[in-house]
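Here chain A shows up in two complexes: once beside chain B, once beside chain C.
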Partner chain A sequence: MKFQIERDAFQNALNQVQHVVASRSPLPILSNVLIEASEGGLELSTTDLDVTVSKIVAANVVQPGAITLPARRLAGIVRELPASDVEFDVSADSVATLQSGASIFKILGLPPFDFPHVGEFRNPREFTIDQKLLRDALRKTSYAISTDETRYVLNGVNCVIRDGMLTLVATDGRRLAMVEQDLEFPAGQEVSVIIPTKAVNELQRQLDIKGDVKVVISDNQASFDLNGSVLVTKLIEGNYPNFRQVIPGPANYRVIVEREVLLGTLRRMNLLVDESTNSVNFIFDNNQLTICTTSPEIGEAEETIDIRYTGPRMVMAFNPEFVIAPLRNLDQDEVYIDLIDTSSPGVIKIDEPFLYVMMPMRATR
Partner chain B sequence: MDGGRKILHIDMDCFYAAIEIREHPELAGLPVAVGGSSGRGVLTTCNYEARKYGCRSAMPTFKALRLCPKLILLPVRFDLYRQESARVREIFLRYTQCIEPVSLDEAYLDISSLQSEASAVAWLIREQIRTETGLTASAGIAPNKFLAKIASDWNKPDGQFEIRSGEEVDFLTELEVKKINGVGKRTAERLREVGIRTCGDLRKWSEIDLARCFGKFGLELYQLCRGIDLSPVQPNRERKSFSSERTFRTDLVTLEEGLDELDDIVIELAEDLAASRHCDREISACSVKIKFDDFRSTTAQRSGSQIDPEMMRELLAEAWIRGEGRSVRLLGASVHFRTKRGVPEQLEMF
Partner chain C sequence: MHSSSPYDSNQNAPDLSSQELWSRVTASLREQLGEANFDLWFAETKLASATRDEIILIVPGSMYMIWIEENFKNSLISTFTRYLGGCDKILFRIDESSEGPSTSSDESTEALPSDDAKDLEIRVGGLSERELLEKGHAVGLMGSYRFDTFVPGENSELAYAAARAVADQPGKTYQPLFFHSASGLGKTHLLNAIGWESLRQRPKSKILIVTAEQFANDYIDAIQKQTLGAFRKRFREADLLMIDDVQFFGGKEGLQNEFFHTFNRLSDTRKQIVLASDCPASEITQLEERLVTRFQWGLAAEIHRPGLETRAAILRKKRDDWKMAVDDESIDYIVSRVHGNVRALEGALIRVSMSATMNEKALSIPEIAELLADICDDSETRNIGAEEIKAAVAEHYDIEIAVIDGKKRTARIAEARQVAMFLVRDLTDWSLVETARAFGKDHGTVIYAVKKIKKRMQDSGAFKSSVELIKRRLIRCTGSGDAARIRQGKAIRDVRSSQNLGQAEPNLKNRKRFK
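After this line comes the complex of A and B, so read on.
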């Protein structure tokens, strides 16, 4: 195997695939990147057995072949190479020689045959979606994914396609974020899968603001094909809870608030929130919202902002992090907070198909 | 190995019963127990006179009365016990801030920072408890929590015992494994089956073999039987839940088998909870956990303010179907506590 490649292009491709590699892996080959050279160029792949990322990059391939090399180390070397071109030569015993300018590296690799391959797609269903749309939808939902490993079905984004509509949902049982989007999809077919957190994070890294992504979903895995890189992930098996039933019915009151103003206030109040309680009070009253927090061992803070609200005075408590997260990931100037009463969940909405349900805190006796 | 730590385990002698007898001096010398008198009630504790008849804490009351018909059964007065426990805690605080209460009547103290002999401190603490509360305590003194706990039982009641650094291995050689915290009836049985009765027997096993036979707990056993326990004394630990679970030697296949086992587990949970320092915590929910033969686990939870065996059975049935016919290797039942009073509680959607 032998090829020449531009250093920057090689470095860029390595950067895109190396996030998947575990820093400490029980199987040495999982720390490696698979490099396959063919007439079409190079294909770089990494995997942690759950998520696999591949990237195609142009190269002048003199002799096709394949090898696996330690991903992080290789990326580190390529970053520091002195010249703008790299010559790559692999011997039969899996030793790679990199030559760039006056420097020569010999790196011990592992043969490519042991590199785990992606399983076949059974019962595949396919659709295409705008990359920016998917990226935005993941940004608006992924922060609500549960990190509690005992609730493994919540450790990802639920992706539902039904009646020409794509719904993405994430929840940790205390708050829930949902985005809906029209989608062309064969009528009569339905999809409901859970994409694990790691794949969601990786996708957000890879998705661009232009172009399409081709998505293939099978019973136990999904692939995302975008701009010459492909991400394949295992899906979380299990039944996602029926999230529709926790979305509250019609609201009694609507609060209209400037997103950045509320975000700024919450960030300040959050500085004084006691970790053991994680709660701030929201007092909605006569076009004003007062947010305050008191911690016996820290101190207290209070701030009042202007809002549009004409309902009765209402005092509610929320975990400030749960309000900050959606505000940070939205772009609109104004957001709505829909309320029913002080013990029902509040719902953040915007003028787009998005909603965020947040359960309040209840003062205990 | 333990960095020369000095750990005390202080265990009040028949705490609740002793308090009641102090309040009713006429009962001294008679068999006295504190506990529930209803059909499913259990003894929370009993004094040594009652123990002579075979009565034990966590024993169903009807059974205790059969063993000792003259048993004087008093209702539980947690407010009083808590107040006494606080007085005892005050005494501990004169010596160290590093106190880990296990229950109202039991605590670990880390007194490594004190210059004095650990056994002298233990004696002083016991003496102050006696003169200030009229109650007696036993103490274990050792380089770690595991040994201190065993030592406090050695000269009980009203005594103390020290295991010095360097003496651990000799001391443990003849100690039965069932005295190890965490080795219950079932584990003890499994250990006996493979010829392990004492810590000495346990030491003949390699780490990897113990791990293979007993999983993660095997690794712990490997350390414990050598007297090694690095766990720190942890002040201010707030527990969020309390559970009891069982792994079966042969997997359960039918829901009926599961329900039978669950009933036992729920009784065990109720008894363990009643005997723990969490006995007075407010319960907010109950849950049932199942681990299937493919090691996947699932939990069904419902809110409730008490342990309701009927609800537990329903939860089991609900979780059982998620296995889609898989057999079951482990069942567990838990209660979840309401967070401390005054602290706002995050509501859940599901």
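After this line comes the complex of A and C, so read on.
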């Protein structure tokens, strides 16, 4: 196996695949990147057995072949190489020689046939979606994923496709984030799968703001093909509970608030929040919102901002982190907070199909 | 949680029909939660049956179950307790007929792992497994470290029995209980197991499990934030305080002082303290005498390295727990080759199993041997005994072996003797007493020697490398167990020592300068 490649392109591709690599793995080969050279160029792949990422990159392949090399170390070497081109030569006993300018590296690899391969897709269903759309949808929901391992079906984003609509949902039992998008999909077919947290994070990193992503979903895994790189993940087995049950009915009051103003205020109030109570008070009153927090051991803070609200005075308490998370991941200037009364869940909405349900805490008065 | 435990509220509950009870409970909840909020969560919830031991609610979907448990557990328990005089556990049952169309009908079976597929339990008295896990994780216990996952063997009998006794009767048996062993032999496992068992038997007891480092960080944090009061309250009001890696206290005076008072308060109020360390209390460097004596008050239980049979039993259990397809023969082979701690054994097992999964066939013994080659080598140091070490040290210092055992105390000879003692403690699993006997000294001398060498190794890089040089040579030469190689190694050493080994220190310094 022998090829030449531009250093920057190679480094770029390595960076994109190396996040999946486990830092300490019982199997040495899982720390390695699989490099396959063929006429078309190079394909780099890494896996932790749950998530597999591969990336195609152009190269001048003189002699096709394959090898696996320690991913992090290789990325580190390529980053520091002196010349803009790298020449790569692999011997039969899995030793790779990198030559760039006057510098020569010989790196011991492992043979490629030990590298685990992605299983076959049973009952595959396919659709195409705009990359930016999927990236935004994941960003708007993924922070609500539960980290409670005893509820493993909630440890991912539920992805439902039905009636020309794609719905992404995440919840941890105290809050729920949901995004809906129109999607062309063969009528009569339905999909409901749970994409695990690690794959969600990796996808957010890989998705771009332009172009499409081809998604293939089978019974136990899903693949995302984004123009040159492919991410394959196992899915969480089990059924996601019916989330529509916890979305409250029509609201009595609507609060309109500038997102960045509220976010800034909450960040400041959050500095004084006590770990044991974890709550700040929201006092909605006649076009004003006062947010305050008191902690017996730290001190207190208060800030009032302008909002649009004409209902009665209401005092509610929320976990500030639970309000900050959606605000940080939206990009609209204005957001709505829909309220029923002081003890029912509040709902954050925007002018697009998104909603975020959050349970209030007992307000301390 | 509510204020009265089911054990002390034994007065008869008012006799209510289940319908009447539910209407009272809902009226009260309606008031607590607010009209609209109540309707959202409980309008379609029904009461299936209610006794003080068990309340069964029917909810129209598993999402209700999760949100109700997350948000209203305490309200439910206290309300039922008020009308029923007690409330041991609350079970949820999913009414499938009202499941929405968004999920398939068998959903709840997989929504939550629970003993009974359809039920979610909230227990107050005896905890359900779920509750137990939740509580345990909240105090920082590690999930898989329970008594039933611990494999006691001849190496850990005393430690295991003591841990059991303490979990059953905290504060009454050994105060404190002090575990010590080399790393990876199960100290942390036993600490956690005590925690889990105590929590299971006494769900209300306050359990604290921290590493000494965490204790230190919290302490420093408390000083910075001026919340020492809260810090002290937290630690001094625990019913069971478990501190891992207490050797970390060594040399930290302020911390030792704080811990000293914590210790006294807990033992005065007859609360249980359990400590774990990688060496006996007396060997912890720079630990105040008053703490050493306190650590030695109760029971000090050492966990030794497991023997062959125990190692095999441990791995078989791990294999069964992790449902790995590795046969007994392979396990016997692994334990015969991997002599190190339990972590090394587990690592070897995982490697064999994963490799087998990926190759889609069981591995043969030679294949396993190849796979584990790198783990096996550095674990063979167990073959080294005091005699080999003395010989190596004598050679290094260019003195007779007999001198090491002798009574001469010139600086050079004393140093050689101390290094030899240190290496015996470091490289073998000999106890203090055994080590002392091998040198014809008492164990106090050995403790002193080990401390001194450790200190010198910290202070002087050159000294450290020279000790490590001896160590490496010892490991390398006994590594294969191959007599020819030992002889060859010895021959090489003989040549080397005649040239320059006597002055290993200056020589190493030279080498450094070249770099």
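Rule of thumb we're sticking to: the second predicted complex is superposed on the first by the 362 of 365 C-alpha atoms of A that agree within 3 Å, B and C clash if a C-alpha of one lies under 4 Å from a C-alpha of the other, contacts with A are read in each partner's own complex, and residues count from 1 in each chain.
One rule holds for everything that comes next: a residue touches a chain if its C-beta (ideal position, glycine included) is under 8 Å from a C-beta of that chain, and two chains touch if they have at least 3 such contacts.
From a predicted model like this one, the values you see are computed outputs, not experimental measurements.
S.K.: Using the touch definition from the top, say if A:Tyr356 reaches chain B (first), chain C (second), both or neither.
M.R.: In the superposed model, A:Tyr356 contacts neither chain B nor chain C.
S.K.: Does the superposition put A:Tyr143 against chain B (first), chain C (second), both, or neither?
M.R.: neither
S.K.: Figure out whether A:Thr342 sits in contact with chain B (first) or chain C (second), or with both, or with neither.
M.R.: A:Thr342 contacts chain C only, not chain B.
S.K.: Taking the superposition as given, does A:Leu27 touch the first partner, chain B, the second, chain C, both, or neither?
M.R.: In the superposed model, A:Leu27 contacts chain C only, not chain B.
S.K.: Touch test for A:Asn278: chain B only (first), chain C only (second), both, or neither?
M.R.: A:Asn278 contacts chain B only, not chain C.
S.K.: Given the touch rule stated above, what does A:Asn319 touch, chain B (first), chain C (second), both, or neither?
M.R.: Once the two structures are laid over each other on A, A:Asn319 reaches chain B alone.
S.K.: In the overlaid three-chain picture, which partner chain does A:Asp114 touch, first (chain B) or second (chain C), both, or neither?
M.R.: A:Asp114 contacts chain C only, not chain B.
S.K.: Tell me which of chain B and chain C touches more residues of chain A.
M.R.: C
S.K.: Mind sorting out which residues of chain A both chain B and chain C touch, each in its own complex?
M.R.: 150, 171, 173-174, 239, 241, 246, 343, 345, 359
S.K.: For a test of understanding, state which residues of chain A touch chain C in their complex under the given definition.
M.R.: Residue positions touching the partner: 26-27, 114, 116, 150-154, 160, 171-174, 192, 237-246, 248-249, 297-298, 340-345, 359.
S.K.: Which part of chain A faces chain B closely enough to touch in the complex?
M.R.: Counting only chain A, the residues touching chain B are 150, 171, 173-174, 176, 239, 241, 246, 276-279, 317, 319, 343, 345, 357, 359-365.
S.K.: So in the complex, the part of chain C that touches chain A is made up of which residues?
M.R.: Spelled out, the residues of chain C in touch with chain A are 33-37, 40, 60-67, 69-71, 99-100, 102-104, 106-108, 110-113, 130, 133-134, 225, 227, 230, 347, 350-351, 354-355, 358.
S.K.: Report the residues of chain B in contact with chain A in the complex, numbered from low to high.
M.R.: For chain B paired with chain A, touching residues are 297, 299, 322, 338-350.
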